[in-house]
Amino acid sequence: MGETHRRTRIPAVTHASLIASLGWPLALMLALWPARTRRLAQGLAPLAPLPALWVAAVLSGDAVLELPSVLLGTRLGLDATGRLFLLFTALTWLAAGLYARAYLAHEARRSVFWAFSLATQAGNLGVCLAQDLASFYSFYALMTFAAYGLVVHTRSAEAWRAGRIYLVMAVLGELTLVAGLMMTAYAAGGTQVADIQVSTPSPLAVGLVTAGLGVKVGLPLLHLWLPLAHPVAPVPASAVLSGVMLKAGLLGWLRFLPLGYAAYPEIGATLLLLGLIAMFYGVAVGLAQSDLKVVLAYSSVSQMGFMTLGVGAGLNAPGLWPVLLPAVGLYALHHALAKSALFLGAGVALKVGGRAWVLAGLALPALALAGVPFTGGWLAKSALKAGLIALPAPWADLLGVALPLAALGTTLLMSRLLWLAHRLPAQEAAQALTPPWLAWTAAGSLLPWGFMPAWPWPMDWTGFTLAAGPVFLGLVLAFLAWRWPLAAPAIPPGDLVVPVERLLQALVRARLRLNRRAAQGR
Amino acid sequence: MTEAWLEPAAWLIILPLAWASVAFLAGPGRGARLAILALVAQLGLALELAADLTQRGARMHAVGGWGAPLGIDLMADGLSAVMLLLTQAVALPIAVYAQAYFAETHHRHAATWFWPLAGFLLAAMNALFLSADLFNLYVTLELLGLAAVGLVAVGGGTAQITAALRYLLVSLLASGGYLLGVALLYGAYGTVSMTTLAPLAVGQTPLAVWIAAGLMLVGLLAKTALLPFHFWLPPAHGGAPAPVSALLSALVVKASFYLVLRLALGPFAMMTGTAAGLIGVLGASAILWGAWQALRAQRLKQLVAWSTVAQLGYLFLIFPLLAADGLALQAGALQVVAHGLAKAALFAAAGVLMRATGRDTVEGLAGVAGRVPLTLFAFGLAGVSIMGLPPSAGFLAKWLLIDAALKQGQWGWIVVIIVGSLLAAGYIFRVLRQAFLLAPEDSHFQPVPRRLEWVAFVLAAASVLLGLRGAELVALLGVGS
Amino acid sequence: MTVNEMLPLAVIASSLLPGMVIFALPEARVGLRSVLNLLGAMSKLVFVILLLEGVARGEVYGFRHTVLPGLDLVFKADALALLFVTLSTVLWLFTTIYAIGYLEGSPHRSRFFGFFSLCVTATVGLAMAGNLFTFFVFYELLTLSTFPLVVHRGTPQAMRGGTVYLAYTLAGGALLLTGIVWLHGLMGQVDFVHGGSVAALGPQATAQIKVVFLLLIAGVGVKAALVPLHGWLPQAMVAPAPVSALLHAVAVVKAGAFGIVRIVYEVYGVEYAQSLGLLKPLAIAAAVTIVWGSLRALTQDDLKKRLAYSTVSQVSYIALGVALFGPVGTIGGLAHLVHQGIMKITLFFAAGNYAETLGVHKVSELDGAGRRMPLTSAAFTIAAFGMIGVAPTAGYVSKWYLGEGALAAGMDWVVAVLWTSSLLNAAYFLPILYRLWFRPPPAAWPAEHIPARGWRETGWLLLAPPLITAAAVLVTGLFAEAGWSPLAWAKLIAAREYLQ
Amino acid sequence: MSTGLLYALSGVGLFMLGAVGVIVLAHLMRKVLAFNVMGSGAFLVLVGLAQRTGQPDPVPQAMVLTGIVVAVAATALALGLARALHARTGGVTLTQGEDGD
Amino acid sequence: MNRFTRGLAVAVGVALAATLVAALLELPAAAVYLPGAVAQHLAQSGVEHPVTAVLLNFRGWDTLLEVAVLLLALLTLLTLRGSEAPVAEVEAEPLLQGLARKALPLIILMAGYLFWAGAYRPGGAFQAGAVLAAGAVLLHLAGLLPAWAVPGRLLRLGLILGFLVFLAVAAGLLGQGALLQYPPALAGNLILLIEAGLTLSLGLVLAGLFLFVTGRQA
């Protein structure tokens, strides 16, 4: 994961830069408050992730900031996965920030958006740096609650509804996470990540941590908030939401599950199953959507399924974890970059309409997502497949069949996306938006190459055909669907949440009626 | 006997008789000042007597020098010292209170005869606490009874006179019974001196002596207004002017209780032993009935009078618990002192409240807290002692009572004590709550002399602070009994 | 009278004497009264700091005064006492400042501040009590000094609230008295001793000891608002804001919880209580209260009533911490005693500000209050997140230790209780935050008494306390493991408690 | 059955008669008279029992003298109160305050 | 007093009387025999008549308090009198007045004798006072002596003098070692002094009991 010798070693500098990476966004947020410094803060806001970028890129591997008296003994530092996650998180936030400056040029409540986005950004970056569960949970909570501000920014009816569901599920997730972390910390006898990595907490603890973070990752049945929240948020926010914030949940798994140390076959199996379901479920419902951003949201659900597979495999067979970890990391990087590019592109498309150059720009990350050879996606998928193949009996061949099918599904979904983008009417010019988007798309497709676990050369042709075949087949099917459009059933975004919501509302109304009667009765 | 001159016991009786007579001669103005000065001296004498006793133990003073069976003895032991201290300690502030209370014009008439009557009352009490001769006790009881009736009638209204008459009749009946008892005892044993009687009345006693004991105890219970005979107390104590009610409730009823206790510890130990259960039950029902009536009383002084009936019930709870360890006796003594001080404070405060609001009903007190805060604070403090909440002396009494009941395994009394103090909280806070309400617009409050408020506060504070220092009192009680 | 004996008395006198003087002050002397109040608060703080520093060094502070032969009034300023004394002293200082601002121009202030000082005297006395008798004396003194504060407004509802408050607390006092005298009968003077002294009574008295435990806990449970006995707390919300802030969030309610701590640790001894199987029912009662309080809070529209029910639930965390046999649970319980105090007082200050400045009493009227009063709402938000137990706040730390304690004591179901109650906390606090920050303000506030002058949204006397206590919530949360934090002090207590 | 004992027994009878009279009779005047009868009964018992053994005993006689004076004082007081009550209410009984509690 | 309590009182009275009679019938002889002691100390008591000795010496303390009781009764009547009640003038009865004028000196003489005889045979201050009071009442009924209004200073002195003398003597004798401890030599004279004061005051007091009350109330 890149060499460390030329990094700077002076402790004072490392401490200062670690603190700056988190302090700078928060300082900017506070600077938004007084009227005098508001204009300056808004100007600087897009550059908030720079210190974090500096830390990710430049700081030495063993940089650590020990604060024993803070919270339950805080330890901020960089390890391999942390650096990777910090890198693509900071980059995505940077791109979204630049894009947002143009996007919000004439938005009245700009400072409110920037305040919430800076808070979320601080939380997100903090999550990557946290080396102990208390500070991890602090930043995780900051990110979650601040993101609510982004989700409800447009103040529309759907935004409030999405925000409400998001908050309810987020709180449930967090509390379950805390309970899980309690049990894990009890088993590990300490709150540091290092202790937890080598501990064997009870299956219940692992289950709770998985479920708690599963809400953020969007495991099936826990994903209900995702397709509602991402579309209603402003474009740069949804880019970040889908791109990096989901990865915070994943990072939580990597930190607080004893991956590569203890085997939890049942939980591993369920995760693998859930991953599979997510992959196909996301595609199926996504195809039935007509809104561009909802499709992208469902594509995120499906793509997160891939990473869940990786973690599930890790739990199932700890021996494979050294191979799987870089693969999952790479996949996370690729998905973050591709998905955020797609979202930013969708933003441009919504403004400019389905022009050819926009479709082309969108096609690049779409193909990467589908895993076309020589794209980031392909690298990530092949790395992941290499790990998954080594799984014990039932899973290996099941995945062997499932992964190509999934690639096919994604291709179909991406074509659906492009077709929808193509039909968009042109509304207004959006010159300011395109440069940051295009630059980001280009960077996004090149960066995974930098983190390739193993150089795929010399290519074994069987792997190549396995990767290219499904994509080709997908394009053919898309072409056929385009020619004879068949009526797809209209599933409302958020699918299962609608019945659950109706049930809850009925319950609350009953309670209030009971209350009123009790009040009159007294 | 060289320091016979300084014999505190003798002077404690002579002095009040003297200033009562001089007050009769001198009239209310100078009479009041003389009374207060004399009471200060009496308090000093009582303190000196108490100190003397703790060093040298109980002491006899044979009047006329003839000694027990023939002459009359004045005996001063721990119990009588405590009662003397209480009497002087309550009388002095109440005298100061009365001087200001009667200074008003429309009380002119009552003031002329208040001081001699009060003087004789206090003299009678001191004589009663010191006397060790049953017939002499009869005379002091009569002196006390008539003085109390006189004080009740000082108010002059029809209600007061009816109450005085009823009180007089009950008192005379009771004294009559007591006298017959003394006559039977004299007939049986040939002497009325308690010290000589005590050894005789032990063992196989004739039926006449049992009847005598019964008559005397019932007579004294009637004078202490225990439950079946309580009906005269509320109108008498409720109707009288504030300083009079204070003296009556705090001291007079305690004198006959003291006598019952003295007889129960002395000659009639066996008789009271058998009747202890009945007396206890009567006490318990007095607690509940008195408190229940107090909760329903409309007029403020009726409420406080009914509270006396209830609190006296506590005093009679100690009889079934009297045992060697003396816990019940200590509880009784502390309850007497605590109730004496607190009840005097309550009546003093009630007097101020009624004068401030111009009305005597509890409802009429709305909003008075703003006008006379010190009196409300005094009422509250005295209420704390009546309720038996810490840190008051009343609480120590309840603590010892419960402790004694626990040690003897008689659980029933504890329930009564607890319920009693909760009911007491009920009627005390009923008044406080009323006072804390916002004053209705039309209410106007007369100014009240500050001295009245300060007397109420001093008495209440004494009752509470005694709660922090009960050791001396208990030590004094232990002398000679 | 050595210095070690003088100091505890000085702490008590430093609020008793000003209180007495204030009682006698005529109503108009506002300046002098405020000076006296603040002087009392400051001097008490100084004495407490001296005590803290001394006890940390291992000094022993105590004072004994015989009331009756075999019955002493004992003061003992040990580590456990100082935890509660420091909390009430610090919060009394802020609440006094707040009350001076809050009661500007209202009648009967001499009476109010007099009883206010008496109440703190009772709380401090109760904390430093060295035996059950002294504890009971100040326990009842607390009831008496809080009643006039609850009924301060003099309105009929205030009276009803006061009566209910009295009925509960006096009944509780009666139970406690019976228990104490019973124990006194069994084993003479009951002094607070590390590891408890009841075990010495031997096996034949266990039946009685269990009944006495029930009586003691029920008596103290009234003030700690354990479920069946909590009815008075929501009713007592008729009191003015500073009263609800100090009394029903800190002094009175904590006195009950503190009583439970004293009884379990220093009368019965936690091992002995555990061996008698007394801790499990206490844990269950606390758990039921936690969930029940939160459930009731959900449907309350009156802001202070909702906070009251939340107090009912939060205080039982302390009882839960006590019932979790083992040092970690104790640390959690004791830390929560301080943390909950700071958080809850901030909420009440904020609620008082809304009522005093905008005339807002109901949750439904809180729309857009965040825009009109951003600083107060920020304080409210921090404290609300603390109550839910979100990470960097003090609430998270104490819930964390409670969870760990539960696991250490093998009572895993307690973690589920913590999960449910945190969820319910979120369920009744987040809607308030939603209304504060995300809803548009109404055309006109119900009764806007104090106009906003720039960033000073209300009187600075009303604004400063909530901000300081909100900052304290963050600081005690963030720097929980620091040497001087309440958590560290709780660890010191637990160490001493379990060492002996 | 010495004469003294006879006097004592008759004294008991008088006492009971007087005591019941005070309780039962309504008219105040009758009550006072009954009180005096009761007093005399008690004095008779006191002296009679002392006489049982032959020659008279001066101590009870002195006591009786004192008792008589006290009875006089009490009677005068009762009559004075009764007159005052009569002057104010015109009634000669304690009727209006009869409810007892 | 409803019928039930009336019946109850009678029943209890009768039952009590019966038990008392039974008790008295088998009452054993008294353990202590006081007359012997009285006789033995009679010499130092200062008077020959044992009853007076007991009354004024052995149990003099009772007598002192007893006078106070009388004073107390008077005081209470004074409070009831009300200072403003008018004094009613009494219509003259010529026949009765004549008889009264003749009887007065005899009454005073009789009182003097009774006072003096007290020391040797039954008599003494109380009997003499009673006779004097009777004389005063007779004069009032005859219309020669009006009812008394609020007592003036002199009358008050008269009323209280006897008691004060007795008190002063009692206190004075403290020097001898105890209250009322007459030195045997002076006992007789002191008792005489006390008796004299008492006769005067008791006469006035007993008269007052009647005369303060008789005036027609306003």
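A, B, C, D and E label the chains in the order they appear, each numbered from 1.
To be clear about the criterion, contacts are C-beta pairs under 8 Å (C-beta built on N, C-alpha and C of every residue); 3 or more make two chains touch, one makes a residue touch a chain.
Quick caveat: nothing in here was measured; it's all calculated off a predicted structure.
**Q** Quick check on the contact graph: shortest path length from chain A to chain B, in steps?
**A** 2
**Q** For chain C and chain D, what is the smallest step count along a path of chains that touch one another?
**A** Shortest path length, in steps: 2.
**Q** Can you name the chain that lies farthest from chain B, using the mean of each chain's Cα atoms as its centre?
**A** Most remote chain from chain B, centroid-wise, comes out as A.
**Q** So which chain ends up closest to the centre of the protein, judged by Cα positions averaged per chain?
**A** Answer by centroid distance: C.
**Q** Greatest Cα-centroid separation from chain E: which chain?
**A** Of all the other chains, the one whose centre lies farthest from chain E is A.
**Q** Take the average of all CA coordinates in chain A, do the same for chain C, and state the distance between these two points in whole angstrom.
**A** 43
**Q** Can you give the whole-Å distance between the Cα centres of chain A and chain E?
**A** Result: the chain centres lie 115 Å from each other.
**Q** Using CA atom averages as chain centres, what separation in Å is found between chain B and chain D?
**A** 27
**Q** How many angstrom lie between the CA centroids of chain D and chain E, rounded to a whole number?
**A** 17
**Q** Which positions in chain C are in touch with at least two other chains?
**A** Within chain C, no residue contacts more than one other chain.
**Q** Mark out which residues of chain E touch at least two other chains, giving numbers and ranges.
**A** In chain E, residues 16, 20, 24, 27, 30, 33-34, 38, 58-59, 62, 66, 69, 72-73, 76, 80 touch at least two other chains, as defined above.
**Q** So which stretches of chain A touch two or more other chains?
**A** In chain A, no residue touches at least two other chains, as defined above.
**Q** Hey, which chains are touching each other here?
**A** A-C, B-C, B-D, B-E, D-E
**Q** Could you pull out which chain D residues touch chain B in their complex?
**A** So the residues of chain D in touch with chain B come to 8, 11, 15, 18-19, 22-23, 28, 31, 35, 38-39, 41-43, 45-46, 48-50, 52, 59-60, 63, 66-67, 70, 73-74, 77-78, 81-82, 84-85, 88-89, 94, 96-97, 100-101.
**Q** Which residues, counting only chain B, touch chain D once they are in their complex?
**A** Residue positions touching the partner: 70, 135, 138-139, 142, 146, 149-150, 153, 158-159, 161-166, 168-169, 172-173, 176-177, 179-180, 182-184, 186-188, 190, 192, 230-231, 234-235, 293.
**Q** Which chain B residues qualify as touching chain C in the complex?
**A** Per the touch definition, chain B meets chain C at residues 330, 367, 369-370, 373, 377, 380, 384, 387, 389-391, 395-396, 398-400, 402-403, 406-407, 414, 418, 421-422, 425, 429, 432-433, 436-438, 467-471, 474-475.
**Q** In their shared complex, at which residues does chain C touch chain B?
**A** My answer: residues 23, 65-69, 71, 73, 107-108, 110-111, 136-138, 140-141, 143-144, 147-148, 151-152, 154-156, 159, 162-163, 166, 170-171, 173-174, 177-178, 181-182, 184-185.
**Q** Quick check: in the complex, which residue numbers of chain B touch chain E?
**A** It comes out as residues 1, 4-5, 7, 10, 14, 17-18, 21, 24-25, 61-66, 69-72, 74, 109-110, 112-113, 116-117, 120, 123-124, 127, 135-136, 139-140, 142-143, 146-147, 149-150, 153-154, 156, 161, 184, 186-191, 196, 200, 206-208, 210-211.
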